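Look at the two complexes coming up: subunit A is in both, with subunit B in one and subunit C in the other.
Showing the complex of A and B:
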């Protein structure tokens, strides 16, 4: 019945995945310094937007305060490396832990509110955090931030210098790949699929036995931790962090990247970040004033023409074609 | 107390503003019974279901399910104790596949809802149950479609399949025939009857269609203005002149 068409398109899917993986592995050796930097940044932004996709695309909650997690992840990394012990791994764990603890505490409160209140609450909390970070200059360095010296990267018995941008690239790519895999597997598990049921119909999910408040908190925490992990990658790439990472504009960008790429697809955020960050980079140099307008036009076009984002629309098109090819399927 | 009683309510009351939607309802269903609840629009039938399933907290009275007071429990806790319901207005997971709709309930029935270290499809027992249910409902050929693309009749069937996928001991059916054609109504009635004789033996059904009730239920509760007007075997209640006047009209 469907098996033949399905193996065919899943084979294409695997080919795409392998192709992208090869490109990503080869890229740092092919690209120049600057595009390589942009690509590294795209991976970080994609991972950050993945965090947003978990809570928005999969759970159906619009969290407009994602920048808090990113900022906490960045500061978690910097504090650990600078004041505790100079280890990259400790920094990464600390960044995740900062974001995780914050997301559990805040999530416990905000997931009790229904949609509109939830959105407002997430904005307000991220604003408060931004103001705190800007005003506690002695701790955060405010808009000047904190600069750090990156320690060498220890992998079992080997030691790598992080002065090499290529080493940084592979480290960041590796971390993002592992995080992506964990998130992917979570949404294939019974619990992850129950989270998606909340997005679809929360009342019914409760009625068939799901503790949706609990599941929302789990999703919120996973989302925040992933975004925090992305935040920890920021000082790893730039050797600095700043209170401006808490600013709401960054939350808005996560929304934009995810919606443009395809919410709920998990790959979409990376695609959206790739498209918009490279477009921003290419266009803003000679279209400084018009760039935001262009992004606005693009967003409206996406919402009108491809409301499920680039990847979502593509996947839907493939599914439709499959259904129409299959005898007895919908035409 | 009688062990035979599956669910019992004592003096159940709920007030919305000044309106008494339920007023001192005493209700009881025993093992193996299929009971119907009828009454005019606004009589409190769906409200009664909402209280039983935990969607609404009563202002007064208690709900006892299998000897346990479940009045203050949340819907998911009540469901996990074995009470499941369907909705009058179809409430399914529109964008998920038909298979996934039923699987979500089935994994609750198998206590799998909190596991996250394995693939959802790796539990063969859950998959087998889902496939069995889909065959039973005749939806096995549409298993991979998004539930929202099903016809209204099939969505009504799916609604019930989701309801029984959690393996309940007591099923509340809220107007299973709502919006169905005469033919579809006959089919779904036959299907529910078979269900009540095999898998789910305790059913409370809210329904407008007297033919459906006569076919399925052994006894009726008549609700009117939130109160139990009368109760008894179907034949008896149908002949009650008071019931005929308020609800059935003179034609029956």
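Showing the complex of A and C:
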């Protein structure tokens, strides 16, 4: 691959990024109320799926219990805002802290297990949390949940009312962008690269001298914290939270969005969430009945035929084309 | 109090045997094909629904006990031929995602055809037998005895028949088995059908005790996974022991705390066991 080709492709990459960023910034003013709400939701779901991509796509561990983090993030936000101090920032930090502490404790246990035990273990732990949340009605409100009144958003000296959906949109977009950047930088760092080495070949990573158990725990915690942050955005958007956020269907959705979008790409989860959430929304009522069946077929087809997902397959195709156009490359 | 505990222990044993039936199907599929079958709970649901229809149309309850496993074995064959066979040898992550897709398809199909309303099958053996602290339903005793019988037949089958021998040989060393002329692919298909049939039979047995709904597989699959990883993936006898232990513990706890907390205690037990022995009670690794 020539350096010229590389700069060319990265230039296209940057153009796409800037284009998407401009669209996202303009969107709330162009879109109607309902599509704007869906778009805000997609950003939250994409961020949640990004959390899953960190542990699955980058580290190679299938965590089937992502809903725990999302639920904890949501409840962390609600508890802090309702009982401690009415501040959005405190709520967000609290949501992240809930998910982070939980992921450190659980991660310390589960990262000891090999892959199939890991999968089942994460399912079971998330089930425990769901059952507890449904059972402790006095604390969590069970399936009725807890409603909150959102405080005003304070940014240094300015104060914004969160009654405006556009303000909410920009807040959520901003938080998601910062989180994405942090994750991106992490995987660009030596430690992030070492985490990817676990996925590629764990035994070899160990031989080179990496403490893989430690690295897995770091990845698990980062994944949980990002998913928790997404969870904290949920009551911010909907002013409510309920124990159903802990249900395993939500974990499955994170798997679905990430696999369809492109695991290990970090952008893929957002793409997958955007495609599938809007598809689910756009389908006619007749098709809604068949939607889960379509989802099942789609999952099987993608994992067998295009395991890299939409974005991964696209990137591979671009790389192939460039290689074939180069003199001396495969024709 | 003592009477309550004893009856809870008996209940635990009954459920433990039914659960063992289902979990052994799960563990056989894992031990043989290395496939973590997330859709196993949905197969159990389909088994219960089939027995409901068999009961409603033919009226025969014994008939439904035969139809369910047969239909489920056929369904298992279809699933194996269309998807599972392409997942063989893939990393566990891929197998989980594929069977997760199957779960979606099966469950929604049940929802669209059978509907979302829970229905129940009348108790086929409406007699009680005298028991400490009151009467005990005879049907549950039948379930326990029948499940135990099936499990012992299964173990005998794996030990003494030619197909059982093939199954064990394939599990031990796939390549040597193939070189010795064992039709390995056919063994795989057979084991997947057998596992599905066991899930279906479990569903048919449980249907008159709990009501039949399209989500009934959710809680059973969690229990089955707890049992299977507590026992160590692939161990049949370990799965039997673990399901009896888990269900008795859950049953006895339910005498003191509410049922949900009892379930949490069962799960916590698994966490503790795995923490001490990460490969499971009977697992070898």
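In the analysis below, the second predicted complex is superposed on the first by the 321 of 331 C-alpha atoms of A that agree within 3 Å, B and C clash if a C-alpha of one lies under 4 Å from a C-alpha of the other, contacts with A are read in each partner's own complex, and residues count from 1 in each chain.
Here, a contact is a pair of C-beta atoms (placed from the backbone, for glycine too) under 8 Å apart; a residue touches a chain by one contact, two chains touch by 3 or more.
Given the structure is predicted, the values throughout are model-derived calculations rather than measurements.
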Practice item. Assess the superposed three-chain arrangement around subunit A: do subunit B and subunit C clash, or do they fit? Key: fit
Check your understanding: A:164 contacts which: subunit B (first), subunit C (second), both, neither?
Key -> neither
Review point. For A:203, is the partner it touches subunit B (first), subunit C (second), both, or none of the two (neither)?
Key: first
Exercise for review: Kindly classify A:10 by the partners it touches after superposition: subunit B alone (first), subunit C alone (second), both, or neither?
Suggested key: neither
Review point. For A:188, is the partner it touches subunit B (first), subunit C (second), both, or none of the two (neither)?
Key: first
Practice item. Could you say whether A:212 touches subunit B, subunit C, both of them, or neither, answering first, second, both or neither? Key: first
Check your understanding: Between subunit B (first) and subunit C (second), which does A:300 come into contact with in this model arrangement: first, second, both, or neither?
Key -> second
Practice item. Check the residue A:154 against both partner chains and state whether it touches subunit B (first), subunit C (second), both, or neither. Key: neither
Exercise for review: Specify the angle subtended at the CA centre of subunit A by the CA centres of subunit B and subunit C, expressed in degrees to the nearest 10.
Suggested key: 80
**Study point:** When both partners are placed on the shared chain, which of subunit B and subunit C touches more of subunit A
**Key:** C
Check your understanding: Closest pair of CA atoms, one in subunit B and one in subunit C, after superposing: how far apart in Å?
Key -> 12
Exercise for review: Jot down the residues of subunit A that show up as touching in both complexes, subunit B in one and subunit C in the other.
Suggested key: none
**Study point:** subunit A residues within the subunit B interface of the complex
**Key:** 2, 185-186, 188-194, 196-197, 200-201, 203-212, 328, 330
Revision key, fill the gap. The answer for subunit A against subunit C in the complex is residues 56, 60, 62, 64, 109, 112-117, 119-121, 123-125, 127-128, 131-132, 134-135, 252, 255, 259, 289-290, 292-293, 295-300, 303-304, 307
Check your understanding: What does subunit C use to touch subunit A in their complex?
Key -> 30, 36, 83, 86-87, 91-94, 96-98, 100-105, 107-109, 112, 222, 225-226, 228-229, 233, 258, 260-261, 263-264, 267-268, 270-271, 274-275, 278, 285
Check your understanding: In the complex of these two chains, what residues of subunit B are touching subunit A?
Key -> 53, 55, 74-76, 79-80, 84-85, 87, 91-96, 100, 103-105, 107-108, 112-120, 123, 141, 144-145, 149, 162-163, 165-166
